[in-house]
Amino acid sequence: MRPSNRAPDQLREVEIIRHYTKHAEGSVLVKFGDTHVLCTASVEDKVPPFLRGRNQGWTTAEYGMLPRSTGSRMDREAARGKQSGRTQEIQRLIGRSLRAVIDLGKLGERTIHLDCDVIQADGGTRTASITGAYVALHDAVGFMLANDMIQESPLRDAVAAISVGVYQGTPVLDLDYIEDSACDTDMNVVMTGSGGFVEIQGTAEGEPFQRAAMNRMLELAESGIRTLLLKQKEALGL
Amino acid sequence: MRPSNRAPDQLREVEIIRHYTKHAEGSVLVKFGDTHVLCTASVEDKVPPFLRGRNQGWTTAEYGMLPRSTGSRMDREAARGKQSGRTQEIQRLIGRSLRAVIDLGKLGERTIHLDCDVIQADGGTRTASITGAYVALHDAVGFMLANDMIQESPLRDAVAAISVGVYQGTPVLDLDYIEDSACDTDMNVVMTGSGGFVEIQGTAEGEPFQRAAMNRMLELAESGIRTLLLKQKEALGL
Amino acid sequence: MRPSNRAPDQLREVEIIRHYTKHAEGSVLVKFGDTHVLCTASVEDKVPPFLRGRNQGWTTAEYGMLPRSTGSRMDREAARGKQSGRTQEIQRLIGRSLRAVIDLGKLGERTIHLDCDVIQADGGTRTASITGAYVALHDAVGFMLANDMIQESPLRDAVAAISVGVYQGTPVLDLDYIEDSACDTDMNVVMTGSGGFVEIQGTAEGEPFQRAAMNRMLELAESGIRTLLLKQKEALGL
Amino acid sequence: MRPSNRAPDQLREVEIIRHYTKHAEGSVLVKFGDTHVLCTASVEDKVPPFLRGRNQGWTTAEYGMLPRSTGSRMDREAARGKQSGRTQEIQRLIGRSLRAVIDLGKLGERTIHLDCDVIQADGGTRTASITGAYVALHDAVGFMLANDMIQESPLRDAVAAISVGVYQGTPVLDLDYIEDSACDTDMNVVMTGSGGFVEIQGTAEGEPFQRAAMNRMLELAESGIRTLLLKQKEALGL
Amino acid sequence: MRPSNRAPDQLREVEIIRHYTKHAEGSVLVKFGDTHVLCTASVEDKVPPFLRGRNQGWTTAEYGMLPRSTGSRMDREAARGKQSGRTQEIQRLIGRSLRAVIDLGKLGERTIHLDCDVIQADGGTRTASITGAYVALHDAVGFMLANDMIQESPLRDAVAAISVGVYQGTPVLDLDYIEDSACDTDMNVVMTGSGGFVEIQGTAEGEPFQRAAMNRMLELAESGIRTLLLKQKEALGL
Amino acid sequence: MRPSNRAPDQLREVEIIRHYTKHAEGSVLVKFGDTHVLCTASVEDKVPPFLRGRNQGWTTAEYGMLPRSTGSRMDREAARGKQSGRTQEIQRLIGRSLRAVIDLGKLGERTIHLDCDVIQADGGTRTASITGAYVALHDAVGFMLANDMIQESPLRDAVAAISVGVYQGTPVLDLDYIEDSACDTDMNVVMTGSGGFVEIQGTAEGEPFQRAAMNRMLELAESGIRTLLLKQKEALGL
């Protein structure tokens, strides 16, 4: 039995709220149960130095947690003067996931910055971030089309992500914090709308895992991501 | 005429929402119009090195803006590796303002951290932060009393803050971003529930200001802060 | 009675020594009693990135304390790898104060750097810095005129600063270190030669202060600054 | 056809040289073809603060590349003043992989530091690091046993790692730099001697990948890691 | 002919002013011509971690230049966030030179910090720093004796330093900035009162130098240092 | 008697291995006994900002020690976020030494980076670095000539370095770690092929040294460097 009484293949309640703040070209509050992440997409009219003059754009992500988004207060990374390894790992993952579905050549010399800031954390912040950031990115693309900055959408596909794991011997979908702290294996899976894998990151925190568990986890992830892709469409009115 | 059509002595709509996130001992979303700040209060069972063994507590504040809380995206301070001078100035101001109303000797060897994170900015983030942080602090004190960590409230008074300025020649209350960018003088005023000044910080961005304007601004501030103190009481059910 | 036996409205002995070091375009040692600050003005033929191509100049300030300018040795900020929040607050205040009296449009694409380094501290280092930096700035402007870098002085007015406070219940002018450490309220006031306020920063370290004390402090400050403006004129031979 | 003319399931030549430098308790130069990594294991008689007094040890890893280990010179991380996100990601991966096979409770209050420094890079530095670091760790454990620091080996299993990918449509084993730069999918797999997965990190650089490709890559990885585990045993004389 | 018209073996005018600032236990302004350095000695009742519990003291030095002590303004190291390699080299040299003449075992668990801050630079700041710092150290020792912190002087000898070089083919003593910028060889020599060498650091900026030039430079240095040692004695009233 | 049983004027066994790694334009492993340093020379088609547009090149050096190159593990400088003062001192010394024998005007607008990374340390790492870096530089120059990047060698002379010291009262050549830790005086000497001094850095760790010891040390150094210059020639096949 899961602490939340969910079935092994049951997602937490998912909510995707667009236009959450007023300044960003895309602004989405995504909730996976008690995990709440604000994802904004900002369009900037320049590219990083390594892309200048190449007639293409860039998409990148940054991630942060508010100091008391967690059970006990974490140090503020801005005050400590550097981002942790975990933060960098996550923001690199978010950036790669979104670049997998955008044609950078169709952006012009522009950067879209995705900022994923965790307001409240209860496990799964990186997968919620990817799922919400895609919607924010979609809104930013809509803004660019509406303002004639581009004539054609650079989005090739949708992308969403979910965690799976082995909790007390059973593969389960969408781990919350209690499960995440106690599970043997934790895997984050990122997939596109057309069903291909973009990223798979599985870690055995306790016992190493076998192929059978791996296969079951991937099935759970595929099913969960299908649901998330529908939620994204619904939120976007597509 | 103010861009927002407000009267010179009119505050923006103020909203104070308690229990906004679930982990912190105090968690308040404060809105001054379109300025939204999440203020959390976290109780920690230790004090900074300079206070160890002195049988007293500490109260301190940190401030941050989400990168796209503003009209154009700001660099993330955690990524740049340092907090700006402005950020440090503001968090020092918030910390001093709250220490003015708390008896640190009654906290035991504990620190209360106030984190003020701007979700959306439209001018006046530092005064909204102080006003909201007091309510979060009150809730954290309530938590400590309820859990027998302390027997008596260390709070001596309430505290709230508002900005005033001279906009197109007229002293006005509670500047929003448009006014703030264009005003000649900008002054932040912090007062206690019993009507004393804790902080006054006035800056002439354009023309230096005279005693008469100063006096009128202080009157506007006193009146605005009286209203804010009532809003705090109402939110706290006092 | 003040520890220094001064009357409540009495400044410490003020001395302004020009041409104190040989390299800088303006170099002034300013003494407010035992507080000694070396203020240099350096003219540089470029502006910061945010002003490039705008056909205007910039004026900015940096502040530092020698490690043993104080009663007990402070860590060297260069060795710690960052400037404290206090340092940044002060150098931002000095910069704003001087920009209030200079027409940046008349500087050409040049920056004037004001460096205020405290050789010996006894309270009031930021107000001494502003008062001395104005004289160094005046000398740097004189240098630019003499060398045909500009044809017209960009200085619109003079500027000086003093601290006031409430010490043992009495408003007093120009606090020294002993008074500063023990006072209830500490206020720094910056005014122009024509009598307008540029900055007012008042903080209640102990008891909040009332309007009456505030008014008395502002009168003391105005009177003190009038004297400082005369000292500046005298030093400049105007 | 692979650029190196290897068969799809063929490893590069693997060499594991023990006692490569004289000071470390374990010192191994591992070569996967032209990728050469020096892995040292250092035993230290203390644990990080979060483990003090818990009567257990710690094992952690750091990773670095010599500036000209690569085709074009990279900036030295010590000179830039920070480790890149990639470096942190890799050293966290190495650390987790080795902690998966060591019983920290049997180390006493000691830390084993694994330093993996890339002397020459040609793809696969992180998997070579894990494979070599295990041997260095084994030697450090041997040193501790021989010196009566511990009475029983804390090693529960062996661990090794290899990369797999999809290169020009074909799943291949052990990518070198040319393949890595051009492949669609790149996956790093870490397994124990008893055949369980410790880490799987797969990234689609180009086209998303399907389950079939994933399964084939895992088979290749399992076979390659079996060979590496034999090479480790051979090097250790087991 | 030297630009200053000095003879090859002629020092600049040397002045050593004690008690230059009021807080430090030793405070000396040393002038070698237009090079002016403020050297303070601060006594602190603790030692760095690596010496704790060893019943001995420590003596260390820090060095800084005011931003406009030089012909063109240098960046402030505190603002850049790190000390340059040159700064570190110099402060390490000053520290070693003074530790050569002090018996750390006689200090108790105390540190004497020597801060050498260049007010005005015209070549030779490191040698002026060492020469002045010795006098400040002597005063700090006098303070400790007078306050019964120690019963016996830990000073074993005096120490002073001077630069020598080859300027336009001729070995000369005590290079000023013009000579320093143009010389072929620059050597800094540190000697004790009893005539032993503590440090010799010679660098050929242009042509390599030969033994004969080296010998002549050392003779010049010995003679110059003898004079400096007399100036120190005179200043100290010995 | 020296701990290594060497005669006072006897070098350790010296080995110079070219083409040690495959990517760098020059790559040399130099061994002075158990001190092993990898020196690479990398040619880059740009110069630092202060030389742009001056039609000349630059040569610079960086130095690092692998964390366990030493008897007890040192912190990794990349992880600590800064290079130590010692590291900076050494890399500045290496850079100056090589610039002494290269005509930067003949390089074109190119930089040659010399990276000296200590694989195993046993005293004398800086002198081994200089000696090996010269050979790597020679190979990089050969590469540039062979690739028609330059038509004429910019090398004016060879350069090599050795340490000398006073160990238990006797001047000795080429100190190893045991001698270095216990010696009274340690001196590093850098000389050119034509016998001129480029750098002399002598430090009395214990007793100050006299002219006679100095002269004897310089003789030992000259003799040792003559041997090193021959080893370099031999390695280069000249």
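Per-chain numbering from 1; labels A, B, C, D, E and F assigned in written order.
As a working rule, a contact is a pair of C-beta atoms (placed from the backbone, for glycine too) under 8 Å apart; a residue touches a chain by one contact, two chains touch by 3 or more.
Listed by chain with UniProt protein names: A, B, C, D, E, F = Ribonuclease PH.
Please read these numbers as outputs of a predicted model, since none were measured by experiment.
Engineer: Steps needed, at minimum, to get from subunit C (Ribonuclease PH) to subunit D (Ribonuclease PH) via touching chains?
Structural biologist: Contact-graph shortest path, subunit C (Ribonuclease PH) to subunit D (Ribonuclease PH), evaluates to 3.
Engineer: List every chain that touches both subunit A (Ribonuclease PH) and subunit F (Ribonuclease PH).
Structural biologist: D
Engineer: What are the mutual neighbours of subunit E (Ribonuclease PH) and subunit F (Ribonuclease PH) in this structure?
Structural biologist: Shared contacts of subunit E (Ribonuclease PH) and subunit F (Ribonuclease PH): no chain.
Engineer: Need the CA-centroid distance for the pair subunit D (Ribonuclease PH) / subunit E (Ribonuclease PH), whole Å please.
Structural biologist: 50
Engineer: For subunit B (Ribonuclease PH) versus subunit C (Ribonuclease PH), what separation do you get between their C-alpha means, in angstrom?
Structural biologist: Chain centroid spacing, subunit B (Ribonuclease PH) to subunit C (Ribonuclease PH), equals 28 Å.
Engineer: Measuring from the mean C-alpha position of subunit A (Ribonuclease PH) to the mean C-alpha position of subunit E (Ribonuclease PH), what distance in angstrom results?
Structural biologist: So the centre of subunit A (Ribonuclease PH) lies 59 Å away from the centre of subunit E (Ribonuclease PH).
Engineer: In subunit E (Ribonuclease PH), which residues are in touch with two or more of the other chains?
Structural biologist: 81-82
Engineer: Under a traversal of the ring that begins at subunit D (Ribonuclease PH) and continues to subunit F (Ribonuclease PH), how are the chains ordered?
Structural biologist: Cycle of chains, anchored at subunit D (Ribonuclease PH) and oriented toward subunit F (Ribonuclease PH): D, F, E, C, B, A.
Engineer: Can you name the residues of subunit C (Ribonuclease PH) that touch subunit B (Ribonuclease PH) in the complex?
Structural biologist: Result: residues 82, 85-86, 88-89, 91-92, 96, 100, 187, 191-192, 194-204, 207-211, 214, 218 of subunit C (Ribonuclease PH) touch subunit B (Ribonuclease PH).
Engineer: Using the touch rule from the top, collect the residues of subunit F (Ribonuclease PH) that touch subunit D (Ribonuclease PH) in their complex.
Structural biologist: For this pair, the touching residues of subunit F (Ribonuclease PH) are 21-24, 27, 34, 36, 38, 40, 42, 44, 62, 64, 66-73, 76-79, 81-83, 87, 113, 115, 117, 119-121.
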